[in-house]
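Chain nomenclature is as follows: A, B, C, D, E and F, assigned in order of appearance, with residue numbering initiated at 1 for each chain independently.
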Amino acid sequence: MDILGLIQDNILTPIVLFFILGIVAARIKSDLKIPEAISEFLPIYLLAAIGLHGGIEMRKTGFESMMIPMLVAIVLSLLMTLNHYQILRRLGKFNVFDSYALASTYGAVGAVTFSVGLSFLKNQGIESEGYIAAILAVLEPLAFILAIFMTNMVVSKQMLAKKQAFAKNAEIENDGLGMLEIDSSKTKLFQVLRESITGKAVVILIGSIIIGYTIGKEGFAPIKLLFEDLFVGAIVIFLIEMGIIAGHRLDDVKKVGVFLIGFSLAIPTLNGIIGVFVATYLGLSVGGTVMFGLLLASASFIAAPAVLRTAIPQAKPSLYITSALGITFPYNIIILLPVMLTISTIIHDWPATDLFGYWSHDL
Amino acid sequence: MDILGLIQDNILTPIVLFFILGIVAARIKSDLKIPEAISEFLPIYLLAAIGLHGGIEMRKTGFESMMIPMLVAIVLSLLMTLNHYQILRRLGKFNVFDSYALASTYGAVGAVTFSVGLSFLKNQGIESEGYIAAILAVLEPLAFILAIFMTNMVVSKQMLAKKQAFAKNAEIENDGLGMLEIDSSKTKLFQVLRESITGKAVVILIGSIIIGYTIGKEGFAPIKLLFEDLFVGAIVIFLIEMGIIAGHRLDDVKKVGVFLIGFSLAIPTLNGIIGVFVATYLGLSVGGTVMFGLLLASASFIAAPAVLRTAIPQAKPSLYITSALGITFPYNIIILLPVMLTISTIIHDWPATDLFGYWSHDL
Amino acid sequence: MDILGLIQDNILTPIVLFFILGIVAARIKSDLKIPEAISEFLPIYLLAAIGLHGGIEMRKTGFESMMIPMLVAIVLSLLMTLNHYQILRRLGKFNVFDSYALASTYGAVGAVTFSVGLSFLKNQGIESEGYIAAILAVLEPLAFILAIFMTNMVVSKQMLAKKQAFAKNAEIENDGLGMLEIDSSKTKLFQVLRESITGKAVVILIGSIIIGYTIGKEGFAPIKLLFEDLFVGAIVIFLIEMGIIAGHRLDDVKKVGVFLIGFSLAIPTLNGIIGVFVATYLGLSVGGTVMFGLLLASASFIAAPAVLRTAIPQAKPSLYITSALGITFPYNIIILLPVMLTISTIIHDWPATDLFGYWSHDL
Amino acid sequence: MKLYDVKLLSVTCEILAQKNVIEILGKHQVSGYTVWEAEGNGDKGIRGKGLQNEKNVKIEVILPQNKLQDVTEEIARTLFSDYAIVLYVSDVKVLRPEKFD
Amino acid sequence: MKLYDVKLLSVTCEILAQKNVIEILGKHQVSGYTVWEAEGNGDKGIRGKGLQNEKNVKIEVILPQNKLQDVTEEIARTLFSDYAIVLYVSDVKVLRPEKFD
Amino acid sequence: MKLYDVKLLSVTCEILAQKNVIEILGKHQVSGYTVWEAEGNGDKGIRGKGLQNEKNVKIEVILPQNKLQDVTEEIARTLFSDYAIVLYVSDVKVLRPEKFD
């Protein structure tokens, strides 16, 4: 099937259609809304389901095969975050804070996007490696930690500079003050680190992977109905709400500027396709390759505000939430997923030597 | 099966029994309660399920067959609303506002009643035409729009009269004022119209019909568990809460007066039976006929307060909520549904010529 | 299978593992949380499911067989409550209020523990008598009523004594005052009695038993998916939250003191094992025996605060909630359930005469 | 830091009148407000136990003295007769009075 | 429009004491009140994170000066020792003082 | 019963700043507070309709006059520029002033 056919096929699934319904509802100012308790519960449920599924699969395949892909994903994710920063700061002329916040939003991963990816593949009858859930768990806090670390470095430097300038001019003895603020900035860094790692997404995901690994397919049987069979239905409900919120954000899209709109489309495409090639090279299956690409392509819009508001309060949340949820998320689930699947299918069909040749040529 | 047997059969279903449990809980002042988020979510879920089901069915049958029944339903619904008004205003001696509010509450349709009707038929193993969901979607805002329009006419007339009287007496030049208020009354009318059409019930219902139509039976498969198999269970949960609220309302039933109690029982019966005959005449199936009758018989108790409080704030909500939820709803789902099914079954067994003969005679 | 193997087996089920995940999440101060509306809804759902199941089973077996076990359970529950009081007051040196509150917390039954017990047995492929749900319903308010009655007696006596002392000393004519307070104390007693019996747990449980009894297996079919097949999944979700709350309580466990910690482990063990022996003697099945023992072993941590805060406000809730939820609940579902199952299996294998001989010997 | 005198208007009303109150605020160029759901009891009976639309909300508005009169007057005139509603005014102090002008 | 002086009594207490407070109000012929759920911290520790019954509520009562004394006195006497509870009183103005008599 | 004068500090801010406010309270030995979720509108636009983390909370703190100045000063200095936040102070009376020292 050609890309356009696949995209059209993808649009005509309940998940995407209900997402669009949510957007439409928001645009016509309907009062349609999924109650807060439900839309707060669904991400927890989705992550538990993803984790259980991943853990059960990993029990079959073991840990070893996952080491290289995970390491590569970590390195790629960090490099990409730094790359985003350079683009945003230099080309986009955003200030340091917004640049780091946006860089890490796009360096981080989107658990909801991941869920949609899984059911996109399911719908196509394609399997993916279970350990990708574990990569999701590790990547989740990673880009934030990097961004927070870098921001703190910048802030500390600025404060040190200020202090020195101040000390030189006035020669007064409030030496301690600057160090104190740097200290408090360090405390804050550790606090944010702690919170990233103990964040609910990471905890429920890692917990569920371990539980899935422990109980295996047999132990899973009594809860399969809830955590597997209802999975797609739950995403549908959640995407109504995401559509509504994205729809409300569309007004803000104009405000984020052309540069950021371009960024929000180009970066996922670039990162995703890099991911697809790398994962194929690493020997992942067609489905695993798409999920690997999706991890790198996705931007975080649920975890991001929670972490970044505390870590980089100077950054404007309207920028990173709007671009991640209002532009990148719809683009990823509607367009990029089928595109990546098509690419993955094509390059998986290349004879291994060719692919290798292609790569050695390319690098 | 005779009517009494059918009624008894109907009472002994989980839906009706849990509804009664809710009533009992309220009467003995139990603190039993379904959390708000759940009872706010369930109508959205029910409407999505109804819409999907309807859309999928319509894909099979096409739009054409639905045109006549829909037009007839619209005309009947408007005529009945006007008829309710006359009865309430003239015989019931209610004021203009209460009369219009009550008239449209009973002219409108109840989505919850509709859900119960669907599972009542399911329980009897009877199918109904899918397009009736589309009629539900169209009727939902209709009676409100009419009632609001009529009320605004009345209010405008009153204000014009006042202004003229005032102008005559005082001969002062605040001519603009009256027109201004009429203008603001028009603005309000349009605003309420907008809100009726973009109300969550209409949006989710029409959206789901379109989605169901688009995805068809095959695309529905991954979400069938949630949106079809869990349907009756979800109604049961919702009816516990409806029972509780209806139970609390029973005290108010005495206050609404004998006339309104009679109205709340007689009008649904009359409208429902008219609906059954008309639908049979139009060639609907036994099940479709019952659902058609139920649309006309049902009163709205979720959408009504939301629309009417804004549109006709002068009307007393205790009147229309109490009668619709406390009297008509239980009556409809316990008694009238089996009665309509019995009638529908009987007249469907008449030879077509007889029925036609009956009608031409009757009209 | 030996006890240790069974315990290990039990720990490696999703229910227990997700409970432990909740505890871990709380200990590492994660922000993981099941939204309130969900965790408020789940007990209602669980009780409805338990009740329906019980009612359907009772329809098969009739009421007669349940009379003796229920009477015995009532008597045991009352005796145990009084016994707890003596232990707490005399050995534990708790004040009257805390003693009665704790005594009744452990005399009462835990509906969540009961749910876990049912799915523990299901997991082992063991059936239990349906009427035990009815015993649960009757025992639920019982221990509270006793404790409240006793506390009121004590308080009345104290007040009478005060009044008499006062009257003797001052010879003033405020005779009415003391009687008034005793009267108000009686009113309060009746009020609390009323509330215990109309409490949501009792109402939904008894209601569902009756509904289950009425509709039978056939009428249950359309809602089986929700109320039976999803049961274990729902417990898993609920136990995440219970784990979180228990985890937060662990800090308080140190504060309740060694005596109460010992009490919270010894009393369930003792009561549970007594229950197992008695139920076996009464002829219950292996599974029924375990559930009977669990009823007596379990402590109430959802109903307790609601009733006891009103009835015995002087008692410290931190004591009874912490011990019931933080110590006894985990102990019961992880350790005691497998222990009781092992004992039950062993003594069910004894020849009937032996068992009888054992008992007549023992008593 | 200096604190400046402003007024706090608190309106408790049925949830379906919230829109009307906020509209009135907007008409008088008051754009800031805070709102949350509540239950209650009053002349119109117990509210908040049943259907979602039968709850109350509490709306708090910090506004300058000179707008208070007009806003309360319009609320009283247009909403008091038809809705479950209560309103009170109190004196509060803020750090940035220009924020509420 | 003229504003009249009345009192506002605010009680923050554990949810299970709500009934008691409202009963006391009733005894003193105060039928109007507004209530919503809240979390908090105080002498009895952090409240609102765990079981539903361990939350707080905030209860607001507009009442005339002459009832204030009796109501607060009874709340203090009967509830302060056993419940997590805090109470404060402030001066507010209303349009319809007769509504709160 | 005698009533004593204390201050009530009310902070309405975005939910993700709640932690910061409570930290500041802690630093100044104010451990008691009450908090609940709210929606609102202000200079930073409508809040509370979308993602959970974009809601507001309202935080109420009863505290003695002598701590008020420091607490409000620190909140203003550290949070006003980066967060959606509003703060006001009012005079209230309590029965047990020692509870809030």
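We take it that a residue touches a chain if its C-beta (ideal position, glycine included) is under 8 Å from a C-beta of that chain, and two chains touch if they have at least 3 such contacts.
Because the structure is predicted, anything quoted here is derived from the model rather than measured.
Common neighbours of chain D and chain E, listed by label, are F.
Counting hops only between chains that touch, chain A reaches chain D in a minimum of 2. A separation of 41 Å divides the Cα centre of chain C from that of chain F.
Averaging C-alpha coordinates per chain places the centre of chain A 44 Å away from that of chain B. A separation of 46 Å divides the Cα centre of chain B from that of chain F.
Our note on geometry: chain A versus chain F, Cα centroid distance of 34 Å, whole angstroms. Annotation for chain E: residues 36, 90-91 touch two or more other chains.
Looking at chain A, one finds that residues 35-38, 40, 225 touch two or more other chains. Taken pair by pair, the chains that touch are A-B, A-C, A-F, B-C, B-D, C-E, D-E, D-F, E-F. Contacts from chain F toward chain E in the complex involve residues 1, 3, 6, 8, 22, 31-36, 60, 62, 90-96, 99.
Contact residues of chain A toward chain F in the complex are 36, 39-40, 245, 248-249, 301-302, 305-306, 309-310, 313-314, 317, 321.
Contact residues on chain F toward chain D in their complex (touch as defined above): 10, 12, 36-43, 56, 58, 69, 72-73, 76, 80, 86-91. Residue ranges on chain C touching chain B, taken from their complex, read 35-38, 40-41, 44-45, 194-195, 198-200, 203-204, 207-208, 211, 214-215, 219-220, 222-223, 225-227. Considering their complex, residues 14, 16-17, 19, 49-54, 82-83 of chain D touch chain B.
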